[in-house]
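Could you have a look at this structure, given as structure tokens, before my questions?
Chain nomenclature is as follows: A, B and C, assigned in order of appearance, with residue numbering initiated at 1 for each chain independently.
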Amino acid sequence: MSTSPPSLDKAPEPGEPPVVLERPALTHGSLPRRAAPLALLLWTALGLALYLGADLNPVVAGLIAAVGYTVVICGWSRSVEGPRKAHDRLVTAIVTGAFLVALLPLVSVLGAVLSRGLERFDADFFNNSMRGVVGEGGGAHHALMGTLIVTGLAALISVPIGLLTAIYLVEYGRGALARYITFFVDVMTGIPSIVAGLFAYALFELFFGAGVRMGIMGSVALSVLMIPVVVRSTEEMLKLVPNELREASMALAVPKWRTVLKVVLPTALAGIATGVTLAIARVIGETAPLLVTVGITSSDNFNPFDDRMATLSVFSYNQYATPGIPPEPFLDRAWAAAFTLILVVMALNLLARLISRLFAPKTRA
Amino acid sequence: MRKTRARLAAIAAVSALALVTACSSDNESDNGNGAGGSSGGSEGGSDLSGTISGAGASSQAAAQQAWQAGFLAANPDTTVNYDPVGSGGGREQFIAGGTDFGGTDAALADDELATATERCTEVIEVPVYVSPIALAFNVEGVDELNLQPATIAGIFNQEITTWNDEAIAADNPDVELPDTAITPVNRSDASGTTENFVEYLLAVAPDAWPHEASDEWPVSGGEAAQGTSGVVQAVSGGDGTIGYADASQVGDLSTVNVGVGEEFVSYSPEAAANVLEVSERLEGRGEYDFAYELARDTTEAGTYPIVLVSYAMACATYDDAAKAELVKAYLSYVISEEGQAAAAEAAGSAPISDTLRQELQPAIDAIAAG
Amino acid sequence: MSSSTELRHPENQPPPPPGAPLFDKPVSRLGDKLFSSAATGAGVLILVILAGVAAFLVVEAWPALWADPEEVPGGDGIVLYIWPLLFGTLLAAFFALLIAAPLAVAIALFITHYAPRRLATALGYVIDLLAAVPSIIFGLWGLSELAPLTVEPTRWLEDNLGFIPLFEGPASTTGRTMLVASIVLAVMILPITTAVIREAFLQTPRLHEEASLALGATRWEMIRMSVLPFGRSSIIGGSMLGLGRALGETMAVAIVLSPSGGITFNMISNGNPSTIAANIALDFPESSGLDINILIASGLVLFAVTLLVNMAARAVINRRRDFSGAN
């Protein structure tokens, strides 16, 4: 989409004698094509100059540049293009500005994780566990595996439940039950993560006695957190599938369950895949519930049904919270583990994109 | 078309997963004597094998990691887990039988001791980790500071609010004190460090310290930070700050010389370990229960009275003979000279003295299958 | 197997007997029954899980509710113990949402309707990634990068806007304030809120947008008239997801905030009320006995608060139901 509206008509020629009936202008005037970028450039330069030359606080300088640009472009547009266009330009400036402001902390977080995480991001980190390691060295192989196993199991539990529930809510649910479920799914999104962990612990304590620690307990705790996110995002996506598609399918006497499986789900697949990835991303970095259910160990343990396992988030937390001396290698490991977590999610994201590209029907040109 | 693609994708995903999960850590495939920094184990193979798990005080975490490494070097077929869940969780899990041994900053309470005895027939509780708690400060232009106990209490109770207060100046005639406001930094999480520090204040300056002993900081309005690292970060991040933290993590910050009797003592491992020498064992507990009533108001020269003493808990009898052997061997290593030296190097703790070791050894030797 | 065979009229259906009404009742198939009962079952399972969580909370909190006020930390009973925590939780989450919600809408709009397509995909990707950053990293980032940056501005706020209770001061010298905690929470909930809203904006019917532009609407008018109404329920839904996360966030707040005061609206001092979740994380490891019950009772309160918040949100969404595609 281009910003400048196509000019269909030329403005009345200046030399033309006035006609009896005054001809209304068919178009408004418009700013020159390069007006906005140029104004932006100018004000950015001014902001930079204020920051570098006048030693102004970078935040204040940025603010001055942003406000200056907005005022100039709006005023100019109002006088040339009229209030509606000016309003549009104002909103564009605000939206873009808000976006940039929001991006700052996010980029800063990523930058911090990247710069500090790369310190220990080497082969040793991925091939070694912490067994028998004092001070420097060691790695997070055990924790990486633990995270994959625990989160994988959590996804295995929550994706089917979440997906089916969303289908129920959108396609079948009428009446009180559906209302209750919708409501309580919302409530579930608000369960504090540590409470989910305590719940899973209490549940397993009933069967296995006090002090039990197992990987699967962590999966259950994470599922409690993950299910509502899967339901909510899937539900939103299913709702957005146009009713016409369902009606067309039903009109061809396709059974409802096949309509759902073959028409509704594929149409919403891209959104669902994103939703599930988001749900996994939401829980994969959880620390508190894993702390009380899975615990931590420094050795390999890949059996989720027996004893403590290491997970990246708890590993990272532990390295930060209980460092030895000197603390640097511990902190380096903590950041590297966080960086690894982000990479895992990146891989998941790619997978989700692949899935939606392979299976989703083309909905947009 | 679609189906084949789906199947291909599925196969790829599953095989990738299988590939990844199949391999174990490099340092574990060659029997575990991996990248360990300290190698203090005895020569020759050992026939010990198996896994024991413990949980408890996070203060011991770094030391436990060092002990595990040292123990592993000597007994490559064993696995020791230590989960730093905190002292409360450690005691609870140990009493309930969820762990084979435990770590705690505070000795078992009487009712806890009773239930633990039911599990264990006899509870073994030995001090394994002694760490001085340093008072770190960050005041521009001040590198050295002597403080009397009452002054310390006044500062942390927010009665003394500026650095050039007369009470501080009286003990530091040679120091030029600025008029910056004092920001006392305390732990925001419940911790053994807080409890030990508050107990110290209560014992030495009861008039200036009107609060009860508790593992939560009783004074509101100060700067609070999570964990030792949080306190250290807050102290070094602000100006005019002072906080209490495990001495090993204080780093470059200046620390207070604490008034003991007539002199001012700076923290050192030896001075901290001295506290156990001058303290009494708690009466009326089991034969192998070495819980101490710490003499925080000691006036003994060369003793640094603000210390954290963390205990290891174990049972005298275990159902499983192999487990009993393993716990016994592990704890013996922990209190051994090598073990204590390894902890001192990795976690900055104060090694226990030989006399104390000789007292403790019979308790650990008593561990057996039953 | 092509799906076109399925579209034919089922052959095994007997012809209707003469004289019978053409449609007596809907045809019920085994597949339909299985599928719908599986879906219903999943929904019911969620209710069961939630009931389990609630039961667990109530059972564990019960002893604390009837405990002797003397035994509760602070010595003033359970209500006065939890109230400052609740206050802190609401304060932090409220400001976090206040910061995050408009920004999330702006980001989503920018990505879907303003940015060039390629850039938009990349940006969406980066923001999705941030949802995965473990919360302790946000905590460490807030502590080491953000907090020091706020020291000077908060001092300025105290000097110039000190008459507003929010900026009463004295300004913290370390920056570990409620303000920073709120900003960190806002940053944390941005990715998930944005993602939900963005997906909904992307699903706005192309025809609506084009029709609106064809009628001469500017881009903003098009967004106001077709995109925003369509995405309204998602904006609320996404914000609620974010609010839920902000209310229950544990580690980041525990690391960033300096919780040592009672109830205060003061956002820039070092004496702040703690939050329920952070307080559980901070005190749980060293607690035993009644103290644990008390902490879980505070968790129960948090749970109840979320319930109320969601009730309100649901009421708002229901009023806007007409825009859903599947009603």
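Methods note: contacts are C-beta pairs under 8 Å (C-beta built on N, C-alpha and C of every residue); 3 or more make two chains touch, one makes a residue touch a chain.
The structure displayed is predicted, hence computed values, not measured ones.
Among the pairs A-B and A-C, the greater number of C-beta contacts is found at A-C. When each chain is reduced to the average of its Cα atoms, B sits farthest from subunit A. Centroids of subunit B and subunit C (each the mean of its C-alpha atoms) stand 38 Å apart. Inter-chain centre distance (subunit A to subunit B, centres taken as mean C-alpha positions): 39 Å. Centre-to-centre, using mean CA coordinates, subunit A is 13 Å away from subunit C.
Residue positions of subunit C touching 2 or more other chains, listed in rising order: 144, 281, 284.
Annotation for subunit A: residues 292, 320 touch two or more other chains.
Counting partner chains per residue, subunit B has residues 58, 85, 92 touching two or more of them. Taken together, the subunit C residues at the contact with subunit A in this complex read 3, 6-10, 29, 31-32, 34-36, 38-47, 49-50, 52-53, 56-57, 60, 102-104, 106-107, 109-111, 113-114, 125-138, 140-141, 144-146, 153, 183, 187, 190-192, 195-196, 199-200, 203, 205-206, 218-221, 223, 234, 237, 240-241, 243-245, 247-248, 250-251, 276-277, 280-281, 284, 296, 299, 302-303, 305-307, 309-311, 313-314, 324-327. Across the interface of their complex, subunit B is touched by residues 73, 143-144, 147-148, 172-176, 254-255, 257-262, 270-271, 274, 281-288, 291-292 of subunit C. Residue ranges on subunit A touching subunit C, taken from their complex, read 1, 3, 59, 84-85, 87-88, 91-92, 94-96, 98-99, 101-103, 105-106, 108-110, 112-113, 160-165, 167-173, 177-178, 180-196, 198-199, 202-203, 224, 227-229, 231-233, 236-243, 246, 252-258, 260-262, 271, 274-275, 277-278, 281-282, 284-288, 292, 312-313, 316-317, 320, 335, 338, 341-342, 344-346, 349, 364.
Residues 58, 85-89, 91-92, 105, 112, 183, 186, 188-192, 214-217, 219-226, 230, 233-234, 237-241 of subunit B are the ones touching subunit C in the complex. Residues 124, 127-139, 141-142, 145, 148-149, 152, 209-213, 291-292, 295-300, 302, 307-308, 318, 320-325, 327, 351, 354-355, 358-359 of subunit A are the ones that touch subunit B when the two sit in their complex.
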